Amino acid sequence: MPIDLSYGPEVEDLVARTREFVRTEVLPVEDRFGGDITAAGGDDLRRELNAKAKAAGVFAPHAPVEFGGHGLDMSDRAPVFEAAGYSTFGPVALHIGAPDEGNVHMLAHIASDEQKQKYLAPLATGEVRSAFAMTEPSPGAGSDPSALRTAATKVDGGWKINGEKRFITGADGAGFYIIMARTAGEPGDRGGATMFLAPADTAGISVDRHIVTTDRSMIGGHCEVSFTDVFVPDEDILGEVDEGYRYAQVRLGPARMTHVMRWLGAATRAHDVAVDYVSQREGFGGRLGDLGMIQQMVADNVIDLSATRALLVRACYELDHGNHASTETSVAKTYAAEAYSRIVDRSIQMCGGLGVSDDLPLARLQRELRPFRIYDGPSEVHRWAIARREIGRATKARRAQGGDGNAR
Amino acid sequence: MPIDLSYGPEVEDLVARTREFVRTEVLPVEDRFGGDITAAGGDDLRRELNAKAKAAGVFAPHAPVEFGGHGLDMSDRAPVFEAAGYSTFGPVALHIGAPDEGNVHMLAHIASDEQKQKYLAPLATGEVRSAFAMTEPSPGAGSDPSALRTAATKVDGGWKINGEKRFITGADGAGFYIIMARTAGEPGDRGGATMFLAPADTAGISVDRHIVTTDRSMIGGHCEVSFTDVFVPDEDILGEVDEGYRYAQVRLGPARMTHVMRWLGAATRAHDVAVDYVSQREGFGGRLGDLGMIQQMVADNVIDLSATRALLVRACYELDHGNHASTETSVAKTYAAEAYSRIVDRSIQMCGGLGVSDDLPLARLQRELRPFRIYDGPSEVHRWAIARREIGRATKARRAQGGDGNAR
Amino acid sequence: MPIDLSYGPEVEDLVARTREFVRTEVLPVEDRFGGDITAAGGDDLRRELNAKAKAAGVFAPHAPVEFGGHGLDMSDRAPVFEAAGYSTFGPVALHIGAPDEGNVHMLAHIASDEQKQKYLAPLATGEVRSAFAMTEPSPGAGSDPSALRTAATKVDGGWKINGEKRFITGADGAGFYIIMARTAGEPGDRGGATMFLAPADTAGISVDRHIVTTDRSMIGGHCEVSFTDVFVPDEDILGEVDEGYRYAQVRLGPARMTHVMRWLGAATRAHDVAVDYVSQREGFGGRLGDLGMIQQMVADNVIDLSATRALLVRACYELDHGNHASTETSVAKTYAAEAYSRIVDRSIQMCGGLGVSDDLPLARLQRELRPFRIYDGPSEVHRWAIARREIGRATKARRAQGGDGNAR
Amino acid sequence: MPIDLSYGPEVEDLVARTREFVRTEVLPVEDRFGGDITAAGGDDLRRELNAKAKAAGVFAPHAPVEFGGHGLDMSDRAPVFEAAGYSTFGPVALHIGAPDEGNVHMLAHIASDEQKQKYLAPLATGEVRSAFAMTEPSPGAGSDPSALRTAATKVDGGWKINGEKRFITGADGAGFYIIMARTAGEPGDRGGATMFLAPADTAGISVDRHIVTTDRSMIGGHCEVSFTDVFVPDEDILGEVDEGYRYAQVRLGPARMTHVMRWLGAATRAHDVAVDYVSQREGFGGRLGDLGMIQQMVADNVIDLSATRALLVRACYELDHGNHASTETSVAKTYAAEAYSRIVDRSIQMCGGLGVSDDLPLARLQRELRPFRIYDGPSEVHRWAIARREIGRATKARRAQGGDGNAR
């Protein structure tokens, strides 16, 4: 039973075809994305690319086979998503962008058969997009989910939801929402959250504003959404009442990792652009790539990319084996997000004045990659969680050895 | 003769009035700048603000008194320029932005009386803007000035200039150019460059393209400019023939430092926005500003701002005392440019999702500040120059001690 | 009233003579120090060097003139102490090491005339050494002084002190102690501390153990000291009862800065050794000093040394002008301590295998310099203090503007 | 064929037994090592521990089964060596320290049957130790092997070797040497090196001096060794004449990784000591481990340890599959060596004054771990090699696409 880091031939093949698809179909239309804050190119272009991805056999590598996908586990998703992410719009083309990808993942695990037909089927095939409404304006649920304030009240045959959400990715144009609302307890309690499914045209759901952020590759933007007396029938509760946080955990670990995968492609592209540049540009009596300080930046990029990939492999392995993997996913996410900022920053520096110009894609990639140190939990929150577990482990170990609690 | 770090009362007063002017007149119109790549608000707005600055007695703190300025030396410019830079458009308002400020500085030192009347007078008063045409497309003059390719050929009564320049800040709309061209030697030689003065409407000068970069506060943009048989009469040679690099050095040290001053204001603003945010926003059961990881970022910003100011004081002191100060200005510029990137990045991180949004000015400030690690000599070139001098110093010291060149 | 960063001719002269003294008298006997954990060469060698320093006119630059010193203020101490610190034993030779230097400073400010004759006079001349007994074993007074547990009880004609101290630098062989003990309140209160002067041979004072640390240049070591019914007469109270913390603050700011000065010399030496090495050693087809990655380390050392010096100048200026300068000294101390670790680490790396060997002084310097990030307040505590003040300032500013406490 | 990161049960068992062995047999005698520079406790203690390791069934996990070892491949060595490295003397106890471990590895791959009986058999069982004599004093073979100056001249029946080596780990007390000497070409050529086997008592071999370095866990020290007319018979040539560099590469990749494995244990121990400390020590009104800046250090340690392990798994997998894995081993080595310095430094910082004292093992671990950024190729050399390959790859890719060599 030796360590095995190889991928099966069908995965290798899918990776190769994804790379080719991105190169030939997505990169050439990148400039049709991004100008429009609201829609990353818009759903028309998305549907056009989705059709091409289907034709190329690279669509929805993550979705269950019965819903038209390739049914890849987390480990196998990694190289495919990375290949897609080489263009920041590759994920939209393959329909593996946030939040749809994570929502497919969660629905496949938790939804009832009826819910799967009603919500998962059209989502998996790209007929509709979706949104995951958890984050709230301060002082509501953000990095600290126990602060949840959006409330669902039991009414006859269902629930009435009231509250405000923000940074709801993909909300503008989404076909349906997964809404996290409090069904028990008070803001400050960790318990008592429930997930509700609701078509976007349900009365009382309103997309109020786009928050204009530096990244532009998320179709549907990052929106402020309000829920006013939104009625959700009992049969559209996702999973069990009051178990929302538990399900969110199911979603969060994998969703963190697919972010890492996609943006790993983008970081690799930034690196490639820079290495290509310094491998031919002359200066100071020779090729830039022969200068020690440039070589240091190239090598540091390679180290960062390698470490990210290695940490990703470990985290995906743990998730695929049914482990919660909180530390492994926090470590991989935190390392990756910071590495990506470093990589793109070094890549810009290597390219000098062109690096900060629109003549190269690097400045744009920096705008896309910077937020990842904040989205899906800021680095500080992940570090806090990692440290808390580590210190808890030490405390438990000392007690097990009969430690008396007095440090020497 | 004790160390004295205080400013005279008239400087303290000018700083206070500059702060007030920026707060009341510039910050409120910041959103009228920047949308337009080509002109940072345009010359109409510039003239409007220049008039207000004159009325407030804060216009042109650097310009010679006989041309309507305050005649401040480098040491005294530092706190005034920093106050102006608190808005990235404050320098335009006070007419102390690049490259005009550095051109005023150089013309005041080198120009003949006739040239001062013809070029410096309208520049100092803000009647016109100017451009400094040195950088060329690869493989021409960039961080390595000896690669200069733009050539001036002697003709009857003057010179004919041919060549291409790029990253010429402020070119679009400039009233005149200072053009660096080779008058002797070949690309690769350090000698033989000459500076020429030419009105922008001289036949053969063409602004071909704006290079769209992440920063938007430089009025007139960063342009590609070509010179085709541009005739410059002998009397518009700035200084002596073949002495262009020596003059460029006169300009470069101070110009580096005024960049540091202006962007120090911008970095301070980013820090202020973040500290204000964390001092009131709640999360994780308390104020963000009470969390250790946030406090670390606040403190690191303070350290970076303090070190930048301290290095700037040293470099300006040396320049004011007639020293070349190559190492002091390289050290201050390199430290500052990297510190500003760190400061604005930490400030973003402290503000979470809002930090990467247009709801706060931080993402915009990041775009403005990032290029400074490249402009005016990339950090790598400054480090190379610093190290070369330091190693040369050691070699000379060892020889003076009769060292035989064998390390122990 | 322009910025002035120059030193007076008598200070320049003292710096030059101190450099020469260290080069000719201290560096040659460095290997006679340090082998012995307890005494950094021992008091015999110290007295021998002190006599030579007096002969050379470089002894006690900080001590009041009436007690045989040069009476330099903080600004002027900086370059002299740095010159002395070029050998880690230079401070012992000039009698400006911790804690004696800080104790001279404090006694000169606070002691009564009788106390000056009894304690300051022999200390200033190097007849005796001294110790400052504040830090206690956990959970007593350390970085958090309010935890003070050593207690002084009023008895007839004086006080009885009981308690335990640790990390008491110079205790072994000291002639007298300044003891911080609680005279009011409970551990956890910040108030109620008093400073007592006591000859080392007072009954009940016991040096129990040397804490063996990586640094060896502090004569008398870092000791655990216990006080058992130590009687101190009322006339040996230093300053006023219950005002000990206020006096400690008087001592702490300057003492921090003199640490920075001394170790700046040591860091400069590490840098010099490395630059000398790479300026002659060959490898990879040329001189090591011509390789970009080596140049980067050289330049980063120069930047770190420059920034430290610049921050030190600022902090000393504030102290000399009677300001508390808590932020300035915390910033300078924190930056310096971290910079020194970086500098010596880079210097080692530049020298390869020799860098970690005893063939060069670098590995020893690393052991000397590492603790400074912990001594005199760990970097984390200084950052906390810096941030707290900065956030407090923002809060106050917002309230002054009528801010309602709601962040946008 | 899914990704598999699990170990077989026999490996898991060996890891568990190694941990227990280190805890019960090695850690308690750690203070008997290290005081003596020359021998890390000496061969008597080594033999005593080797016997205990054999009794515990944990001896020589790497050695071929036919020579009494466990025959583990690189992937399976990783967790076992890490467990051994938890004490810096665990590797000596298990006989897996440098250079013996690498020499066993190389002899098992290259030696003739006779050589295996004569050299490998006594080495594998711990009867003797060995040395690998490649590095030379400047300007000879170091990080740049082509500079090899030690020369072997053909004589009747064998070769005569003359030259000087330094940093020869384990030389004092070694039973035999593997000597790298030039058999063709001149210093500066990469070719023409040959490996020779020679008993330590061969005439002309002299251990001249111990280089005293900060690390003390290498039994036999780091020595300067000279070879004067050392005769080696033809049958003691290891492999083929002139193929020495190729074999050195066979040794170097795995030897790098086993260094990473062993010191990973040491870094983990440093982290454990610090986490244990902050999980109980009080300060600033609570447990140190509840402070954000402490948590950040704990989390960063976890991230660094995780990334090192993940990179190690990747590099070992490649080596086990017969790949040269130059980039993978350089990346893992460089990351690990720098991570270990960071980890032990943070661990010291977390423990305050105790961290730099001998009351905790951290200061000692820092001395052991620092040199790894230099040994086995300084980080700068690895970065250079990584970058050169990466830039070469880009150049080749561009040519394959018909790129004309002009960057845009």
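The letters A, B, C and D name the chains in turn, as written, and every chain counts its residues from 1.
As a working rule, a residue touches a chain if its C-beta (ideal position, glycine included) is under 8 Å from a C-beta of that chain, and two chains touch if they have at least 3 such contacts.
Not measured: the values here are computed from a predicted model.
Visitor: Relative to subunit B, which chain's C-alpha centre is the most remote?
Guide: Farthest chain from subunit B, going by C-alpha centroids: D.
Visitor: Quick one: compare the interface residues of subunit C with those of subunit D and tell me same or different, with half as the dividing line.
Guide: Here the answer is same, because the shared fraction of interface numbers exceeds one half.
Visitor: Going by the touch criterion at the top, tell me which pair is linked by more C-beta contacts: B-D or A-B.
Guide: Between the chain pairs B-D and A-B, A-B carries more contacts.
Visitor: Go ahead and note the Å separation of the Cα centroids belonging to subunit A and subunit B.
Guide: Inter-chain centre distance comes to 40 Å.
Visitor: Can you work out the whole-Å distance between the CA centroids of subunit B and subunit D?
Guide: About 50 Å, centre to centre.
Visitor: Touching at least two other chains at once: which residues of subunit D meet that condition?
Guide: 138, 281, 291-296, 359, 380, 383-384, 407
Visitor: What residues on subunit C touch subunit B, complex-wise?
Guide: For this pair, the touching residues of subunit C are 1-8, 73, 75-76, 272, 275-281, 289, 292, 294-296, 298-300, 302-303, 306-307, 309-311, 313-314, 316-317, 320, 327-328, 331, 334-335, 359, 380, 382-384, 386-388, 390-391, 393-395, 398, 403, 405-408.
Visitor: What residues of subunit D sit close enough to touch subunit B in their complex?
Guide: Listed in rising order, the residues are 138, 291-296, 407.
Visitor: Any idea which subunit D residues touch subunit C in the complex?
Guide: Residue list for subunit D touching subunit C: 135, 138-139, 142-144, 147, 166-167, 211-215, 222, 281-285, 291, 293-294, 341, 345, 348-349, 352-353, 355-359, 363, 366-367, 370-371, 373-375, 378-380, 383-384.
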